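Next up: the structures, one after another.
The same subunit A turns up in both complexes below, where it pairs with subunit B and then with subunit C.
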Partner chain A sequence: MIAEDLHTQTLTQLAQGLEQGDFTSVELTQALLERIERLGGDLNAFITVTADRALAAAERSDAARAEGEIGVPGIGVPGIGVLNGLPLVHKDIFCTRGVLTTCGSRMLENFVSPYDASVVERLSAAGAVMLGKTNMDEFAMGSSNETSYFGPVRNPWNLECSPGGSSGGSSASVAARLTPAATGTDTGGSIRQPAALTGTTGLKPTYGRVSRYGMIAFASSLDQAGVITRSAEDAALLLGVMAGFDERDSTSIDQPVPDYVAGLGDSLKGLRVGIVRQHFDAGLDDACGAAVREALAVLESQGATLTEVDLPNLDLSVPTYYVVAPAECSSNLSRFDGVRFGRRAEDPEDLLDLYCRSRGEGFGAEVKRRIMTGTYVLSAGYYDAYYLKAQQVRHLIADDFRQAFADVDVIAGPTAPTPAFKLGDKIDDPITMYLNDIYTIGANLAGLPGISVPCGFADELPVGLHLVGPHFGEEQILRASHQYQLQTDWHTRCPEAFA
Partner chain B sequence: MTAAWEVVIGLEIHTQLATDSKIFSGASTAYGAEPNTQACLVDLGYPGVLPVLNEEVVRMACKFGLAVNATVAPRSVFARKNYFYPDLPKGYQISQYELPIVEHGEMFITAEDGSEKRIGITRAHLEEDAGKSIHEGLDRQSGIDLNRAGTPLLEIVSEPDLRSAKEAVAYMRKIHTIVRYLGISDGNMQEGSFRCDANVSIRPRGQEELGTRSELKNLNSFRFIEKAINFEIERQIEVLEDGGKVVQETRLYDSDRDETRSMRSKEEANDYRYFPDPDLLPVEIGEDYIEQVRATLPELPDAKRQRFVDDYGIKSDDAAILTMNRALADYFESVVAAANAQPQDAANWVIGDLSGALNKDGIEISDSRISAEHLAGLINRIHDNTISGKIAKEVFEAMWGGEGSADDVIETRGLRQITDTSAIEAIVDKVIADNPGQAAEYRAGKDKLIGFFVGQVMKESGGKANPGQVNAILRTKLGSS
Partner chain C sequence: MSLDKDQVQHIAMLARLKVADEEFADTVDKLSRIVDFVDQLSQADTENVVPMAHPLDAVQRLRKDAVTESNQRGDIQKNAPAISDGLYLVPKVIE
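Our next item is the complex of A and B:
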């Protein structure tokens, strides 16, 4: 007796079903693989579907459950086994042992990773079943998924539209009910903006909360792994497994991981919600603004108090980001030189030719643009004016947040200025594209946790509410999101074609 | 010729730190393994991997800083030095740039005129080594060996305080001694564990402003350093005296041709685009840690040298030689402890015959074929007149050859010195009787012939007669008849 609607269930619901023996992991995995096969083609959400591995893993999970062994012992993370038999997908930026790991780039078109990323390792150890690897903007550089070498991902709500980026394959596959959950990475909004544009829940944790080991680096001081799910509750469940210190990542922070699920039930009474006036300025689409205001009213009705907070340097966040991120990327991407792995130009004449053609052929236009920008801002004579200055502004922005969080528990606003835009609309205008992350970038520069939850529609396209917390404030933004989702059903809405 | 010109030299010494694993990964640092067998994913710069600092290198750098009276920075930062090269896997080298771990140190050397000279140490910073490109034996291709990639280096940068090639070598030797004393490097120059770049310029004597410098790369023997610098000084003088200008450039020393060659000019130099490595946290070192490390410092060469002079009363120059190598100094002290003789005798043997034998066989003091106790035994036998100094040389050779202790050799070979006066008198009588002509000449005033008679007596006794006694008895007998 297998329910027909397994794909509509959240991770938390599926966990209960598995636990109660309503269905097996193999049945669940088969059902989702079938959907990916049938519906996934139009979306182009996957770069790799790992059907055989997924079924083998599901079989092991079922066998372990039958024997009462929950999870794979030995890794010592809290919540071990809690994901036993639950399917999910990984953004193709995470290294997966023995599986193609492309980072959305021609450069790594044939790269099979010899090791698992920390995130992948922890989720697998907790029993999760990987269904495949999702499409993304090349090296996570983009806000529309159009920079992927493997073609753009389409938004399940409107196939003409972008699902956002860079974790567009992850957001689209969760929105289309091809998977209950997906991992993503967020350097300037790459989890939260696609979540907003697809009506899913996207969590970017505090910088250092989740290990970056095995996550192909874009901008090391900004990159953070997180998840895209269908509810805040599911995000809390996954974060509990992913979070924690990793000795292989010096920037991961050694701080206890709380039980994120346990705290979700507390009411919002007395929660101080900060509103940033600039977030509702001219740049914001009217319908989006209305949906977000309505969401704030819901929070208020649940006992939260709304206060205006000032982030005076916030308008500098986009330019600051577009100095810091390219600078780091220009260095991080130097390892792709055609010598040891990845694309290598055929019959190079000499070393320079090998470098120039391997990189020229391997990287797409946006990646090249950022490498050039980054190289420029780090050059002798420009370093002080650009990179150093940007780092100084970054400190100012972080200070603004610190001061704001003296008075409020979360800061709320829109995730993106507009709902999903048409594919092709912004790709030739980088500046307009960059402005899509105007509300999300601040959290990356300051290293803060942020979450986007669905809060309505504009032109029949989803709108996201953005909640930012102080450092290690995941519990409060998850609780606010969960309480909001108890009162609203935006997060349960499914695009018709994928119901 | 150099009377008109003053030479200014600064050295950048690259010391490989003697850790078991690499600076940012767990891979082994052992030398000489098959290519690419000691390079893990981190060393290979694979996508997604991250560096994690080996704490041991921090401790070693700290030790060095304290040993050269430097400031150990409470906060130092790793930066990325960006450039493309096939043996540099990440496309950048992780190094310390603006904030090094060690700053403002000093070192004293003995200058050519014998005076003590202070050489400033600007800084010492931690960095990772690159791999190696291999061109030999590969047809129109290059091979890359990344075993060395990620090996920890301490780059020690001196002030431009050195004024001749000889001073540069003296300074480098001193640093070499220090790092080995501290146990932070094996200092093996053949294997590249200790090498340097030299910045060389000249200026008219009396001029304040520095001349344009050239940088000589990768000098890996004391001899080459001296030759390369001297060649470069001559070259620069020639350029300037011919009315030309020295170009700021990097030059390579070719030891086969004994010349330096231009490698790249300043214009061709890379813009390394340094910036702090976001994958690594700043290194923060507290006072407690520094004191902990200080407590582990061994006695350093200068202090040891002074102590040898003060406590043992040996010559200062000998003390300097003995303390150049910590193991040699330890050996010397063991000999002194086990011998009843004067420490100076011990010093003479260790610096003389023992070092000679070690050099000849190309082995280290730790592998010496004669233990300190045995050498002490030999010295004792000289001291108690069992053997003469001359016979001692033979005993030493035999001991080196594995014939056991001095006593064993003396016994087996029957080398005990003849000190029995009547026995010596008998030989003397015989020699005088055999050489009546010479005896007559001596008595007629040809004093110099005493040497001839001593020689004859020693020969007759197989070298075993006590030379002092022989002399005295000869004089008595030749004079009294």
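Our next item is the complex of A and C:
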């Protein structure tokens, strides 16, 4: 007899159930594939569902378990079988061998990756079962999932609203209980903002903590892989598998990976939480602000101390980002030339025409704008005024954080200025859209880890609490999140239509 | 409008992007708004500030000059739009 509520369980609970033999990975995988088939259509959260592969992988996990080739589930250190038989989905930015990998773009509409990203490889090696690849803003450039060539994803809490972006398919599928967990990437907030807008938990690790190998590059000095889950505990479990040095990523950091799950139980007594006053200025929705303040009070009641910290250059983080990120994207996306892979225009007159039309047809409007912005700020005569200047301001912003972390362990505030907005509301105004990431972008510019956890509702839509830690401070933000989630039940709330 | 039509035309050419005629006015408008927005950086006092090179002040690591990959040309070229005998085909470059 299989429980009918498998989709409501967290990864950690499912790991226990598999271990106890309450159900098999095949049964679990079938149950979720059935939900994806039945409920996924409205959400448009998936670009590819890999049902056959998933069932085959689940069968292998069950066989491995039967033969006893397995480690102990629930332990957050890399090891064979830690995730044995547990389903998850990958953002379509991660290369998956033999599976369509589109990055949400017409450019890669037919691209079948010849190799696996390190993240995919590590999670598979630990026994995870991939259910499919999730929809996303094109090349991860967007905050609403509306720039996807495959159409916008809808928010399970209100189908007229955006699930956030760029990891919108990941956030929506976790929120709708189509999968217990999803990978994502975060260049300016693309894991944390969609997590906030869908009532899920979204972790962006320290820059260099998780390998970028096989993760299609947007802005290489900012991109970082992470996860969207339904609890901080699950995020800790996955991070333990994903994190660690990778020779194939030249910016991967060679630092030992702690046991993230083991550290979750410690109390918050003495945790110093920094509050940034500007985070609560005009621009923050009142109901969101109230929910975040209440969450801070909970942390305080658990023994944390709140102090005010100053990030004087915070206002400049969005304009800094919109110089640095486009500059890097214009370089990274020059590889799409219509010659070796990706879209190619028909009947080119000459090589130049082949490049220009292949790229013109393959990229959507937002991606083209960012490539051109980047080309402009790097071009002769403008490089010093824009790119160099932005890298200087970026240093100021990183120094602000460094100074703040001399006095506090964690910086807490809102993840996004508003709850989920209506699809179509912001897409015509790039600046309004960009300002969605005002609270999250700083962590990317400074390379810091950040997490968003559900902390209440505004207009019946979820609100996220944002916690940022110092470099390699994943343990403390995960612990604070987990302790908060022991005290609250916001992270267990589920949109009615998907209960 | 901080950028004009000719500038945007030039940027598009540098970026090897064909912007469709019907998208052009909108592109000029939105790019101008983005440039205006990032122009606020000019007010920041950055005298004697070193441009940031790496978020963790790490230096670029070099790998050993070793053969790590086997030949996977067949696999890789499955994604190529046009190939012949293992070569990528492009329009004639030299007359």
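Assume the second predicted complex is superposed on the first by the 491 of 499 C-alpha atoms of A that agree within 3 Å, B and C clash if a C-alpha of one lies under 4 Å from a C-alpha of the other, contacts with A are read in each partner's own complex, and residues count from 1 in each chain.
We adopt the following convention: a residue touches a chain if its C-beta (ideal position, glycine included) is under 8 Å from a C-beta of that chain, and two chains touch if they have at least 3 such contacts.
Keep in mind the model is a prediction, meaning the values are calculated, not measured.
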item	value
Touched partner set for A:216, first subunit B, second subunit C, both or neither	first
Per-residue contact with subunit A, leading partner among subunit C and subunit B	C
Partner chain in contact with A:112 - subunit B first, subunit C second, else both or neither	second
First (subunit B), second (subunit C), both or neither touched by A:327	first
Partner chain(s) touched by A:341 [first = subunit B, second = subunit C, both, neither]	both
Which of subunit B and subunit C A:373 touches, first, second, both or neither	second
Which of subunit B and subunit C A:351 touches, first, second, both or neither	both
Which of subunit B and subunit C A:306 touches, first, second, both or neither	neither
Common interface positions of subunit A, toward subunit B and toward subunit C	111, 114, 221, 247, 250-251, 330, 334, 337, 339-342, 351, 355, 375, 379
Residues of subunit A that touch subunit C when the two form their complex	110-112, 114, 206-208, 221, 247, 250-251, 253, 313, 316, 318-320, 322-323, 330, 334, 337-344, 348-357, 359-361, 363, 365, 368-369, 371-377, 379, 385-386, 388-396, 398, 430-431, 434, 445-447, 471
Partner subunit A, residues of subunit B touching it in the complex	41, 44-53, 80, 82, 84, 86, 89-92, 144, 271, 273-275, 278-281
Subunit A-touching residues of subunit C, taken from the complex the two chains share	3, 8, 11-20, 23, 26-27, 30-31, 33-35, 37-42, 44, 46, 49-56, 58, 60-61, 63, 72, 75-76, 78-82, 88, 90-93
Subunit B-touching residues of subunit A, taken from the complex the two chains share	94-95, 101, 103, 108, 111, 113-115, 117, 212-217, 219-221, 247-251, 327-328, 330-331, 333-337, 339-342, 351, 355, 375, 378-380, 383, 387
